[in-house]
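In what comes next, chain A is part of two complexes: it sits with chain B in the first one and with chain C in the second one.
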Partner chain A sequence: MPYIMKYILLIFMSAVIIAAWIVEPPQSQLGSVSRIFYFHVPAALISVLAFGFALYNSIAYLKTNEIKYDFRSASSVELGLMFCILATVSGAVFAKAAWGAYWNWDPRQTSIFILILIYGAYLALRSALDNEERRASLSAVYAILAFVTVPFLVFIVPRIYPSLHPEDTIVGSGGEMQLTGMVAVIFWISMVCFAIMFYWLYSLQSRIELIVRKRLKEI
Partner chain B sequence: MVKKVRIIVAVILIAVFGYIAWTSFGEQMTPYVDFAQARQSHKTVQVIGQLVNGHSEIDPSTGELKFTLREENTQDILNVIYTGGPKPGNFEQADKIVAIGRYENGVFVSNQLLVKCPSKYQGMDYEEGHGDGV
Partner chain C sequence: MVKSISGFTAAAAAVIHKDIVSEFRTRYAFNALIMFSLVTLTVVSIAIGRFNLTADLSAAFLWVMVFFSAVSGLSQSFVKEEETRTIISLQLYAEPLTIFAGKLIFNCILMLFLESIFIPLYFILLPVNCGNLILFLLVIVLGTIGLVGTTTIIAAIVAKSSMKGALFAVLSFPILLPLLVAAIGATETSFSGGSFGAASNDLKLLISYPVIMIVASTFLFEYIWNE
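Here is the complex of A and B:
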């Protein structure tokens, strides 16, 4: 990642954190607790981006058989899980304040739980295979299959079952943007910051895994 | 040719996997049972509905909160008594209310309520009716 991006990220992420606390809360009835919206929603959506990266890299691995794509896919899944867990924990805290319970198996809570299990199984699968090529090709196939569930679990389930989770908050059912004013500005800058942060962690993690592999071969 | 067959097999596999995911998750995805099931069940269940007429009353002798929920799809009506304490905040403004409890003697007795807030994330301006529309 270009060096200057890190400074841009520093400035904008700081601005988002400060603005999220200073500007009026995004949801007037909930008040200040709704400020977590600026971090909870981007974390959840970036996990989808991360699983998309895993899908892309898995297809690239099966096409080229280059091991670097396998490591990139694994890094994407690890980060996707991290963002899922951040979304789940921040969501549980938010739910306690907004609904009255940390956890009640609301459709959105159930679907992210299943998503974590599905991608957790990817890591379990990898750790069970010693042969590098076998591990790479099997986990690539698994990552492609796993992604089939993502649109269903993330975008469809909360809309077809009655839920306490707000729906159509960002994009309306007709595809129109719902956020307005400062809420929209802070939210979208936060989304871009989360995306840059993901990409930074992703490129670092992919490189670390390749270096570890090289060192292990030298021993 | 072999490659083409492989891609076809892969697409079929993905379609089948997607279909299984779609159908098998179905019922397990929601903890909420409909009102008709809640009446027959003797277990603790969760029901979800809208507050009828925005109306609720507190029984002065017992301090219990009484209100009626309407189910979105069936328009079915369920009388609820909440025994779990004071009325939750935002109760009247809630889009939907979840009651956790059991159906006993013609009424749903709940000891925990969850409330859903409207999904408008548009700041204070929106509430006052002059969103700047940026």
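Here is the complex of A and C:
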């Protein structure tokens, strides 16, 4: 992570936070409540990106048997869970304001909750395995299996069951981009900021895990 | 690698045959499965059998009972091999993919046999009317294939770990939840007499989810088996 990226992140993240409050709300029907769009949607999409990183690192581990990929996979799952929980909580706040209840088992809420449970089980599996290599290969298999459910839960289930969740806000039903003007600019800057933040946390976390392992071996 | 289709089928059939004979002699998994489902059915029937249940409630009860009893017994297919130390000879004699196919089909047979006893009892002990019997049977078969197709690879994973039983429930329930939701929805439609069209969303998920899970499992099983 280049040093200058942290300053870029600071400036642009602050700009997004300010702009989200002063520019017109992204959707006119919902009004100011829809401003959460700039933070809720990036958090959800970055969690999918994080689980994709876990998938990539798990495949890399099974191909090469290098332990660093296992630690990277574990770090991406932990961060993916964090972003997933952020998206769930911000979504619940939106639901309270827009639909009148924090939680009503809307297909969106159901599927993101299942996603949290699936990747929580990944952490449970890791702590149940003592041998390092066995833990690495078995949790890699589980992480790949878990990612198979992600397209279902994030993109398919909320679209085949009737849902209150605003759909077609980013990509329309015909596949065309729906965002226009300032909304698109703020949204994509916010996406990039979230992605940089994820990558920063991810590289830190993977390095910490490797250092901890080295220290444990020295003892 | 597997040399031919017929060789693969013969090897998988041998695994199924071995498992059926061994299951018939020991009733290692079946006793746990049938007793678990009977006990939960008794509890549900005593507690709520007097009331007139709506279609969604009875569908939910049916699938919760089936899924819970499956989780209590299906991990045995691999745990048993690990505990009796027969896993090494299996690794020597058979290709990983034939083992996976054999265990998958054996678990399927086991679950369908269990359901052929459990579901008639369910209709006797609970006040349920089935409006669309063909749809109901289709959902039962699809749900069972999905249940087994998703959990077989997880059974292979937990067989390698400590605390096998608890971990199997923890790992398989979240992955099974989308399937459970779809199965309950489709069963509810069949109880209330709905057509195939009314259950089409649920049926789409009931078919596509197991297919993808089984395909992914066939790619991944080798890494667990040779671990």
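Assume the second predicted complex is superposed on the first by the 219 of 219 C-alpha atoms of A that agree within 3 Å, B and C clash if a C-alpha of one lies under 4 Å from a C-alpha of the other, contacts with A are read in each partner's own complex, and residues count from 1 in each chain.
The definition used in the following text is that a residue touches a chain if its C-beta (ideal position, glycine included) is under 8 Å from a C-beta of that chain, and two chains touch if they have at least 3 such contacts.
All values derive from a computational prediction rather than experimental measurement.
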Superposed partners chain B and chain C on chain A - clash or fit: clash
First, second, both or neither for A:134, with chain B first and chain C second: second
Chain B versus chain C as contact partner of A:142, first or second or both or neither: second
Which of chain B and chain C A:152 touches, first, second, both or neither: both
Which of chain B and chain C A:90 touches, first, second, both or neither: neither
Which of chain B and chain C A:161 touches, first, second, both or neither: both
Partner chain in contact with A:110 - chain B first, chain C second, else both or neither: both
Greater residue coverage of chain A in the superposed arrangement, chain B or chain C: B
Which superposed partner A:121 touches (first chain B, second chain C, both, neither): second
Contacts of A:27 with chain B and chain C, given as first, second, both or neither: first
Partner chain(s) touched by A:205 [first = chain B, second = chain C, both, neither]: neither
Overlap of chain C and chain B interfaces on chain A (superposed complexes): 110-111, 114, 144-145, 148-149, 152-153, 157, 161
Chain A residues within the chain B interface of the complex: 23-30, 34, 37, 98-101, 104-107, 110-111, 114, 144-145, 148-149, 152-153, 157, 161-169, 178-185, 187
Touching residues (chain side chain C, partner chain A) in the complex: 153-154, 157, 160-163, 167, 170-171, 173-175, 177-178, 181, 201, 204-205, 209, 212-213, 216-217, 220, 223-224, 227
Residue numbers on chain A that touch chain C, as the complex places them: 62, 110-111, 114, 117-118, 120-121, 124-125, 128-130, 134, 137-138, 140-142, 144-146, 148-149, 152-153, 156-157, 160-161
Residues of chain B touching chain A in the complex: 10, 13-14, 17-18, 21-22, 25, 28-32, 46, 48, 72, 88, 90, 93, 96, 98, 100, 112-127, 131-134
